[in-house]
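Everything below concerns the one structure shown next.
Chain lettering (A, B, C and D) follows the sequence in which the chains are written, and residue indices restart at 1 in each chain.
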Amino acid sequence: MIVDALSFTMLALGGFFVFMGGLGALRLPDLYTRMHAASLTDSLGTLLTLGGIMLQAGWSLATIKLLTILFFLMMTGPTASYALANAALLSDDKDAPGAPPATGN
Amino acid sequence: MVTAFGIALLTLLVVTAVAVVVTPNLFVAVMLMSIFSLLMAATFFILDAADVALTEAAIGAGMSTILFLGALALIAEREARGSGRRRWLPLAVIALTAFTIIYATFDKPRLGDPSAPVHQHVAPWYLEQTPVLMEMSNVVTAVLASFRAYDTLGEVLVILTAGLGVMLILANGRPDLSRQGRAAAATGLRHHLIPRVVGQLLIPFIVLFGLYLQFHGEFGPGGGFQAGAIIAVGIVLHALLEGEAAGRAILPTPLLVGMMAGGALLYCAVGIVGMLLGGNFLDYAVLSADPVAGQQLGIHLVEAGVGITVTSSLVAAFHAFADREPAA
Amino acid sequence: MYYVVTTAILVTMALALVRALLGPTVYDRVLAVNMFGTKTVLLVAIVAFLSGRPDFLDLALAYALINFVGVLAVLEFFRKKRHFERRP
Amino acid sequence: MKLFGLYNYWVFALLLMIGLYAVIAKPNLVKKLLGLSIFQSAVFLLYISMAKVDGGTAPIIQHAGEPQVFSNPLPHVLILTAIVVGISTIALGLAVVVRIREEFGTIEEDEIQAPDRDR
């Protein structure tokens, strides 16, 4: 019962954060703010949603698979965001708004 | 409710497809194409095709994007504007054809109708006989590698031919790389420290997961095609991170060509051994004293052949694009 | 509750798609593709669980592993382009 | 939901035609290949839609002997191999496009054909 309530709360919060991330990625004014909205909520939403499913699944092979998925997503998601932000910052692309001028690099 | 999700996904699919065709920037089109492929895989999954969704995931999200980007790096990425050709004729043709096809769909059985003609032919027999003849649970693998093994042999040969074709067109008679080209091939993403470390950490897991799909294919979703595509992505990841030269060193070209041919030959050899033992070509029941064990052995060997050829062909195609520099 | 989360994910997918269509920079589009990949993993995980076939979580696992490689391929593309643009 | 029973096939028709439009109307060769992939995907969608059975699940038998409804495995097999063959042929097409770019300096169809027209 408590587990059900907890898992539903986590799923609801996960859905909320996922949606907020989407909204942020669409509405915020420039690349870096959008990236910040998308990457943070990506991690939190994933954690909460998969955690909610895990509580429902109980101790089974499914939980272990979900843990593995979570582990890989937690590792690759922030790295991908970092790599992307880094590439945007280093590029001398003038159409990346808000990018500080590329210093000799 | 799941049907409603499917409808939403299909609608997004159409929007993405239109955007792919309309956008003038080819890089953007490739990015949208990878979204298209993700949507397609989710749709396949909702339509109960787990194996197909897995293949689409490995191919569409991984290899297809990598190959398109590899080719785009060698050619201009913008479409020429205003080529001044008349647009109304093709538009009229496709509007008319779309109308005809949609009109024809009204005679089709609706989605999921169990009495549709497709479900009355051989499929029930496959579903009934797979547990009896092979004692395997994944019917898709059984049909792929045993019941319709001729068909799959043809597909493997097509993949082999395409891989060889890419190598012959691009890699043979290639002009030597300039100094700058060699420098580009030597570095890769070595200077991006964090992605490099995480990527290196990921490679063993990707290859391990590919092997799991290869050998678990008769019990769950998986098989040679999916495994081959995923292992190829792992090898390509190494080449992306450490530079093209280092990527080539772990699988030198002669070995790669040997693997391409070897996989297809293994497939044929299993069929011929079956013939020598008194069965038909690609009849595995004679491979062992117990027909069920023979079937399982044959399916394992054939799937291994498929996996080897798919892996090496995709890796060879990647190298052919990556080991070249844009024309001046 | 599963349906609510799935709907939220689908709406987010639509929003990310709009971002991918609008751009304006190429990085926005890559960001949208990356978001899309994560959302697909979540969608597949939830639907696999809903349909009572948890063995299909393999699929979500495949995505979680493969998605990252796409971003690296994009980085390599940018690097190669920049490298050869400086060519005399 | 009865109303939407044919929606998959309509989407198939639309995708098929969007792909065909790119192949016949866009002069850019890479765009043509992208159109070809969309065209292929449309066909995949048609096959997989036909394989679906109401209340069914993917054709992987869980507990032998227990009656269960499965979707049709045959279209899955055909499409699974077709996806991998599709990417191989697209790679071959891209290789030809790269060679064309190196020889002609362009990948626009009308510019490639321009020298022939002048003759």
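Throughout what follows, a contact is a pair of C-beta atoms (placed from the backbone, for glycine too) under 8 Å apart; a residue touches a chain by one contact, two chains touch by 3 or more.
This one's a predicted model, so the numbers in the text were calculated from it and none came from an experiment.
Compared on C-beta pairs in contact, A-C and C-D come out with A-C as the pair having more.
Averaged C-alpha coordinates give centres for chain A and chain D that are 31 Å from one another. Centre to centre, using the average C-alpha position, chain A and chain C are separated by 11 Å.
Separation between the centroids of chain C and chain D, computed from CA atoms only, is 20 Å. One inter-chain figure worth recording: chain A and chain B are separated by 28 Å, centre to centre, where each centre is the mean of the chain's CA atoms.
With touch defined as above, residues shared between interfaces to two or more other chains in chain D number as follows: 57-58, 60, 62.
Touching two or more other chains at once are residues 72, 76, 79-80, 83 of chain A.
In chain C, 13-14, 26, 30, 32, 51, 53, 55-56, 58, 61, 65, 67-68, 72, 75 are the positions where the chain touches two or more neighbouring chains simultaneously. The full set of touching chain pairs reads A-B, A-C, B-C, B-D, C-D.
Listed in rising order, the residues of chain C touching chain B in the complex are 3, 6, 10, 13-14, 17, 20-21, 23, 26, 29-30, 32-33, 36-37, 40, 43-44, 47-48, 50-51, 53, 55-56, 58-59, 61-63, 65-70, 72-77, 79-81, 83-84, 87. Residues of chain B that touch chain C in their complex: 1-2, 5, 8-9, 12, 15-16, 19, 25, 27-28, 31-32, 34-35, 38-39, 41-42, 45-46, 50, 53-54, 57-58, 61-62, 65-66, 69-70, 72-73, 180, 183-184, 188-189, 192, 195, 198-199, 202, 205-206, 209, 213, 220-222, 226, 230, 233, 236-237, 240-241, 325-326, 328. On the side of chain C, the complex with chain A involves touching residues 1-2, 4-5, 7-9, 11-16, 18-19, 24-28, 30-32, 34-35, 38-39, 41-42, 45-46, 49, 54-55, 57-58, 60-61, 64-65, 67-68, 71-72, 75, 78, 82.
On the side of chain B, the complex with chain A involves touching residues 192, 194-195, 198, 201-202, 205. Interface of chain C with chain D (complex): residues 51-53, 55-56.
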